[in-house]
Every structure is written in C-alpha cells, then in structure tokens.
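Both complexes shown next keep chain A, but they swap its partner, so chain B is in the first and chain C is in the second.
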Partner chain A sequence: MHDVREITVMENIHGENDHIAYHINEDLTGKGIFVANVMGAPGIGKTTVIKNLIAKLRGHMPYVIEGDIESDIDTRALRAMGIKAFQINTFGACHLDAPLVHNAVQNIEFDEPGILFIENVGNLVCPAEFSIGEHTKILICSVTEGSDKPYKYPLAFEKAGMIILNKVDLAPYLEFDESFFMKGLRAINKNAPVIKASSKTGEGFEEAAGWLADQAAQALAGR
Partner chain B sequence: MHEYPITEKIVDITKKHGEKFRASKIGAITLVVGEQSGFIGESIQMYFDIIAEGTICEGAQLTIKGVKPQLKCSACGAFFVRAPLSFACPQCGGDGEPTEIGKEFYIESITIETEEEEAAGPDGEASGVAGTGNGEAGSVASPENGEVGSVAGSGGEAGGAAGTGNDEAGSVASPENGEVGSVAGGAAGTEGKRDA
Partner chain C sequence: MHDVREITVMENIHGENDHIAYHINEDLTGKGIFVANVMGAPGIGKTTVIKNLIAKLRGHMPYVIEGDIESDIDTRALRAMGIKAFQINTFGACHLDAPLVHNAVQNIEFDEPGILFIENVGNLVCPAEFSIGEHTKILICSVTEGSDKPYKYPLAFEKAGMIILNKVDLAPYLEFDESFFMKGLRAINKNAPVIKASSKTGEGFEEAAGWLADQAAQALAGR
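After this line comes the complex of A and B, so read on.
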C-alpha cells in the first residue's frame, strides 16, 4: 500500500548560490573590500576597462579575479603590471557563480582594503542571473555592439549599477543610434550612470573611477 | 551545459524534502520557471532524466510552469508583456519598468510516495503539506486562487504576501542587498514550456 501526497516546497533553486554570495559579500565587506562584478560580451574590452579604472583609482588597492572558460592570458597581463590577479577557469560554464568565487576568494590574501574586480565570463546573458557576492555590477557595452542591446538583453542592463559605453572613439564610423539605446536603457534602469568611454583615448575613466570610489566609500562606511 | 548543475540542484532539493517525509519515491515535481530566469525548461527536462537515475526522483513527472515576463507601466501602473524592441506600455505609451514577474525559478511542489506504515510527518519544519489545494503554509500568492504564502529565501529568511489581483505578490528575501523582491502573483500558474 502506498500513500501519495503532494508537498508544497516553494524553494528558490538559486537559494544556495545566493546564500554563499551573501557570505562572500559579508566577509569581504568586513575586510574593507568593495566588490565589482564586471559583465559584458566577449571582446567588449572588460579587461582593458579594468586596467584603466585601476590606473585612475589611486589610493585603492586593486585586486582582480579573471573569469574565463579557458586560458589565463588576462591574468598574466595584469600580474605583469604588478596587479594582484587570480584566475578562475570554468571549462565550459558560461558564467561565474558564488561557489566558484568563494573558492577563489578563500585563497586570496587581502593585505589591505581595496577594490576587487571580478571579471565575469564574456557573455551578455547568464552572468546577470547569478549573484557572486558583489556590491555592484558594472556592465561594459560598446557602440560596436549596436544600439538595440538593452532591448535584446534587458536583464544585464536592468541589473547594472554602472554602464560603460566603450569604444566611443569608433562612433564616427558606425551608425550607433544613441537615443534609441538610451530610451531602452532608461526604461529599465533609471539610476545607473551611463559613461561614454574609450580605452584608446582615455575618455570617461576618470568619471567612472570616481563613481566607483564613491560607491566603495558608501558600501564600506561603518563596517 | 548551463542547466546541468542547476538540474542537479533541483534533484538535491527534491531529495531533501522527500527524505524529510520519508518518501520512497518522488512521483512528480512542479517547477516554476520565469522566461527571464535564464533557464530553459526543455534542457532541464533532458538533464533531469539523466541526473535523477538511481535516486528517489527517478521516473518523476516533471511539470514546468512557464511565466512570461511582465513590465509595470510607470505612468498608468498597468502590467503588460512587452512587444519586441519596445518597453512602451500598450495602453498609454509610458515606460514599462522591470518587475519580478518572469524571473521566478523555484520548486513549487512535489508529490511523494511513502509506504503506508512509514508515512509520517516531516522530520523538519520547512514544508507544509497541501491538503486540498487551497493553499496551506508555503504557497505562493496567486490571484487565481487566493493562496497566500512565501518562498523560502536563501538567507534562511522567508517573506509572504497576499495575492491582490495583478499586483506583484509574495516575497523572496534577497541576500544580495537585503531588499525584498517579489514573486509573481499575476503570472504564476501559466502552464507551458518556454521557447529557447
């Protein structure tokens, strides 16, 4: 004889990931580390943007975790610049999740307070769905991607704390419809600063770094 | 690839709840998967059959309730499903703001089978047994049937709210920022699989 019953579960499947992300954030906040989750499509310039932000963030000790499916090219380049950089290879997975970041963070010695950039796997979709312990998400997009991206990938734009519109030096050669881009972006994200930047000319990075420093000061105040 | 580890998580959570009730077998699992959750029902189904093999979940009927994302008009307050390449409200043209409707990703219920002499209440306290489908502890707010309840958040917290028509209702504790997000009220319960 069998007894068959329906059990109401109502359990968030992301629960464990979010729980670990919460503790990463708590732990790093306690150490005076502000965490920025850097998202964007492959080739959009995430690593170069991070390098430029670090150059402008004087007085903040930088740390970088590089998330890539394979290789440690970016990590080696950052280390060659004297930046404390660490590699996560996902070997196929399209995003970082909290357990991966937790394992990496456990092995990093944070000698002093500062800013940890976690460069997510190049992908405009999945990274936006997972918390990894960050204080803010920085979305890197560019004029080369086309102006319809907020409409096609709304979650990444919705979740971003700051949006860097990169490669603006190329705008004269492209048909990037900025008003269409901004209309879509502002419908779903009213507050994030949108900063036009060029890693070629250096435009925009002073402002972006200033915003990040302000956010870090606010998040770490009273810790 | 993306769905494989998350399907392992679904099997783990189901086993945990089944074992709490000393289930010998899981007969059915109902998932709620918002179309903006980033997960594809068909892929979960495919991996589920592989991952569940050899566990009490083997052979369980997986039902996936899809939820269409809805925006809320910042001008008139209407909830709507957006048209391609637009966030404009179809009623007044105002900007649609994101809601939590369409981002759901949770296990709604499971059907367990127990040997009669072993049938017992839960060892733990987390789950409620749905008696007659009219909503006991732990069910999400839905305007269709007036259920009231909550989804367990990851920080061990849980929130709840009543279903009120097309308002967003039911809350999930978000550990990222301490804010309370909401679980779809108006959209929950729409059955069907999403397209990739």
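After this line comes the complex of A and C, so read on.
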C-alpha cells in the first residue's frame, strides 16, 4: 500500500516535470540557446570544466545556472569572471527539476544566442532521472573516483551525450583501470565521446568544446 | 497543491522509516552489534576505509552490508577477504532506508557481538536524511573533492559522528584549503573528530578505529 502510493506520486511528478522540460527546451531553442545539463559527483570539477569550456567557446555567448543545495560560491566566482551566472538553491533536494529551472530561466535575459550550462547538484544518481529542458547531458567523472562507476551508477553513464574523464593529471598517483571503465561504459552507452581532461594541463577542453559547438549547430539549425 | 501532497508523503515515509530504524537499532544493540552508517560521495573510498578499519579492529567481529544501486563488486571483494558481507541493491534509489536494511538484517546470522558497517549508496545528499538503525554515521570525504563541501552539502557534515578526510596522500598535487574546509565544517558540527587518512600510507585508520571501538563500548555498555 505504502509502495503503491509512493510510485503513483513519482509518476505524476515525472509527467509534470517532462511537460515543463519540453517547454523550456522549445522556448530556449527558439531564442537560439543550446542547453547542456552538467552532471557529476560532488567535487568532481563541474564548475571548473564549465569555465574551461566557456574559455574555448569564444564565438558563443555563455550563460550558467548553478544548482546547489545551499551556498552560491560558484555563482559568485563565475560572476567575478564576467560570466552571466544565476543560482538555484534546492534547500535539501538532491537534483534540479524542470519547475526550478523554468523559474530561473524566466528571470534571465538572453540578450543573444549562445550556450546555457546548467550545473546540476553534485550527485551521480538523481540528476540523471530528471530532464530539465536540456539538449544534451554532459557527465563529468574523474580518475580519482575509480574505474567501477559505470557499473555502480549506470543511469548517469547511459544518459550522457558526452563524458569527460577529468583530473587525468592525477592518474600517475592512482590505480585507474581504463579498460574496465570503458568496458562498463560501452555496455550501456555505445556512442558518447569520452574525453580525457585536466584543468591543470588544459588537456581535452578543445575537443570537448568542439563537440559541444557541433551539437549546438545541429540542434539550432532548424529553428 | 502539488508541493503539499509531495511533502505529506515524504513525512509519512520518514515517520515509518524512523520507526523501523528504531527497532533495527534496538534489536542489534541487544545482540551486541554496533552499527556504523558509512556515507560519502561515489568513489570517495568508502569500501577501502571499511576494509582498513576492520583490519585495525581485530577484537571485534566485522559484518558489512553494501548498499549499491546496482552491482555487487564490493561485496564479492569483501567476501574474498573472508569478511561476512551482504548486498542490498536499491535499483535506482539514491540511498538506503530502514525497510531495506531491516530485510537484510533479518537474513544475517550474527554469531557473535561485533561491528556492522553499512556502506550507503555513494551520494552526499540523501543518505544523510534517512536513519537506518545506526549508532553513528561516518562521513568519508577527500582532499580530491575540494574544500567547499561542508558549505554545499551541510546535512551530511552536520550529522556525521566522525569525519574521515581521505586520500591525503594526493594533497601535494591539489589545492585543498584545509582552514576553509574546517571553518565550514565547524560552523555546523562542533564535535565530530576529523581524521586525515590515506589507504596508500595507512595514516589515520588506527585513530579512527580507536574512536569507533570507544563508541561501540559506550553504546553497548548498558545492554
């Protein structure tokens, strides 16, 4: 009885969420805004990856929404760099959802076409379950996490359009089994590019930015 | 309307959860089993910390329940070491709850008093919200995550009985601001010991095991 009721409510939430997500996507596509939902565990380097991608995507006006349970540390840092950044605090909730993003998007002036990065709450589970109007999901993982993550958190890996394997500069000090990682990943996601990156050496961001620019061009071509 | 209904269901879930958690704790305390709920982000080293603590807690019979969304990689590894390990798969859920743990505990033969480690799903958000019958919560974090985590994920830090700052061997290659970390942590948790640890050097586990043994002696003294 308890379980049945819980499932019914969850289905209602997902239906409503997806309906709002569809409208966010439609609205932003019309404005020439490509939306990337950036997911990954706490401390995996999501904000730093976004900064590095923005630096490489010179021809695209960047917008960032930061999703955090509490605090606005990253939003303040992005604004200090001159980036248009907006904060969503979930106050306990472990992921962003479409209604939260819808409210934020309503308050952003999109002066010109560009790319909106939405940094989800640091969590490798729930963010993958909720569409927030994105054109693609970027999953940030890291050699520091160990190579078994695609086996333990399959949904995030399955839904990713691009996977950034971050902090590869630390690989010499770790035992990261890349072939085990790739085997688990390719069992559930055949096509997403997997790009090794390091904010210390700058490796990988040119390639990742190129992939994003291609995706943006394709998604916005027909508008 | 939508929000009100959702909150009502969550309150019901928590009430039922806490009731079951209370009985798990009562039952296991009676059997001389001290229960530690081990929390932390994906890939932070929870299983390795548990192995290291078990190695230091020679006089205590160890039991382990592994909580994962999918897979039983860690349970198989623990069993291969001769440790009594049991698997809970949540198949999507981002945390363990008391009913899941209750079912697992019913199927474990506790031959003698000891310490039960329950490794929660890798997640820095939701596990902190649900009691699963534990005597204490151990939070594993790491210098690789960055020093802003107590500000962004306060509940997990607030509820921890002991905090293990893991992978300190990697600190020379990172910019971890320990005073900023401790300032954020102490604003919400005045008393929990914070123990620097490394599975590479072995640092910290003697101290952490000593704290756990003291807690177990106190919790089980009156039974």
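Keep in mind that, in the parts below, the second predicted complex is superposed on the first by the 210 of 223 C-alpha atoms of A that agree within 3 Å, B and C clash if a C-alpha of one lies under 4 Å from a C-alpha of the other, contacts with A are read in each partner's own complex, and residues count from 1 in each chain.
The rule is simple: a contact is a pair of C-beta atoms (placed from the backbone, for glycine too) under 8 Å apart; a residue touches a chain by one contact, two chains touch by 3 or more.
Just so you know, these numbers come straight off a predicted model, no measurement behind them.
> With both complexes superposed on chain A, which partner does A:Ser142 reach: first (chain B), second (chain C), both or neither?
second
> Quick one: classify A:Cys94 as touching chain B (first), chain C (second), both or neither.
both
> Once the shared chain is lined up, is A:Gly32 touching chain B (first), chain C (second), both, or neither of them?
In the superposition, A:Gly32 contacts neither chain B nor chain C.
> Who does A:Gly122 touch here: chain B (first), chain C (second), both, or neither?
second
> Which holds for A:Lys167: it touches chain B only (first), chain C only (second), both, or neither?
second
> Which of the two partners, first being chain B and second being chain C, lies in contact with A:Ser131: first, second, both, or neither?
first
> In the superposed arrangement, which partner chain does A:Gly210 touch: chain B (first), chain C (second), both, or neither?
In the superposition, A:Gly210 contacts neither chain B nor chain C.
> Looking at A:His19 after the superposition, I want to know if it touches chain B, chain C, both of them or none. Which is it: first, second, both, neither?
first
> Thinking of the overlay built on chain A, is A:Ala187 touched by chain B (first), by chain C (second), by both, or by neither?
first
> Quick check on the output: what are the common chain A residues between the chain B footprint and the chain C footprint?
After superposing on chain A, chain A residues 2, 5-6, 9, 12-13, 16, 92, 94, 125-126, 129, 148, 151-152, 154-155 contact both chain B and chain C.
> Chain B touches which residues of chain A in the complex?
Touching chain B: residues 1-19, 21-22, 25, 92-95, 97, 125-126, 128-129, 131, 134, 148, 151-152, 154-155, 158, 184, 186-188, 190 of chain A.
> Give the list of chain B residues in touch with chain A in this complex.
Against chain A, the touching part of chain B is residues 1-2, 5-6, 9-10, 13-14, 17-18, 21, 24, 27-28, 31, 36-38, 84-88, 95-98, 105-116, 119, 126-130, 133, 136-140, 149-156, 172, 174-176.
> Per the contact definition, I'd like the list of chain C residues that touch chain A in the complex.
Against chain A, chain C makes touches at 2, 5-6, 9, 12-13, 16, 41-44, 68-71, 73, 92, 94, 121-126, 129, 142, 144-146, 148-149, 151-155, 167, 169-170, 173.
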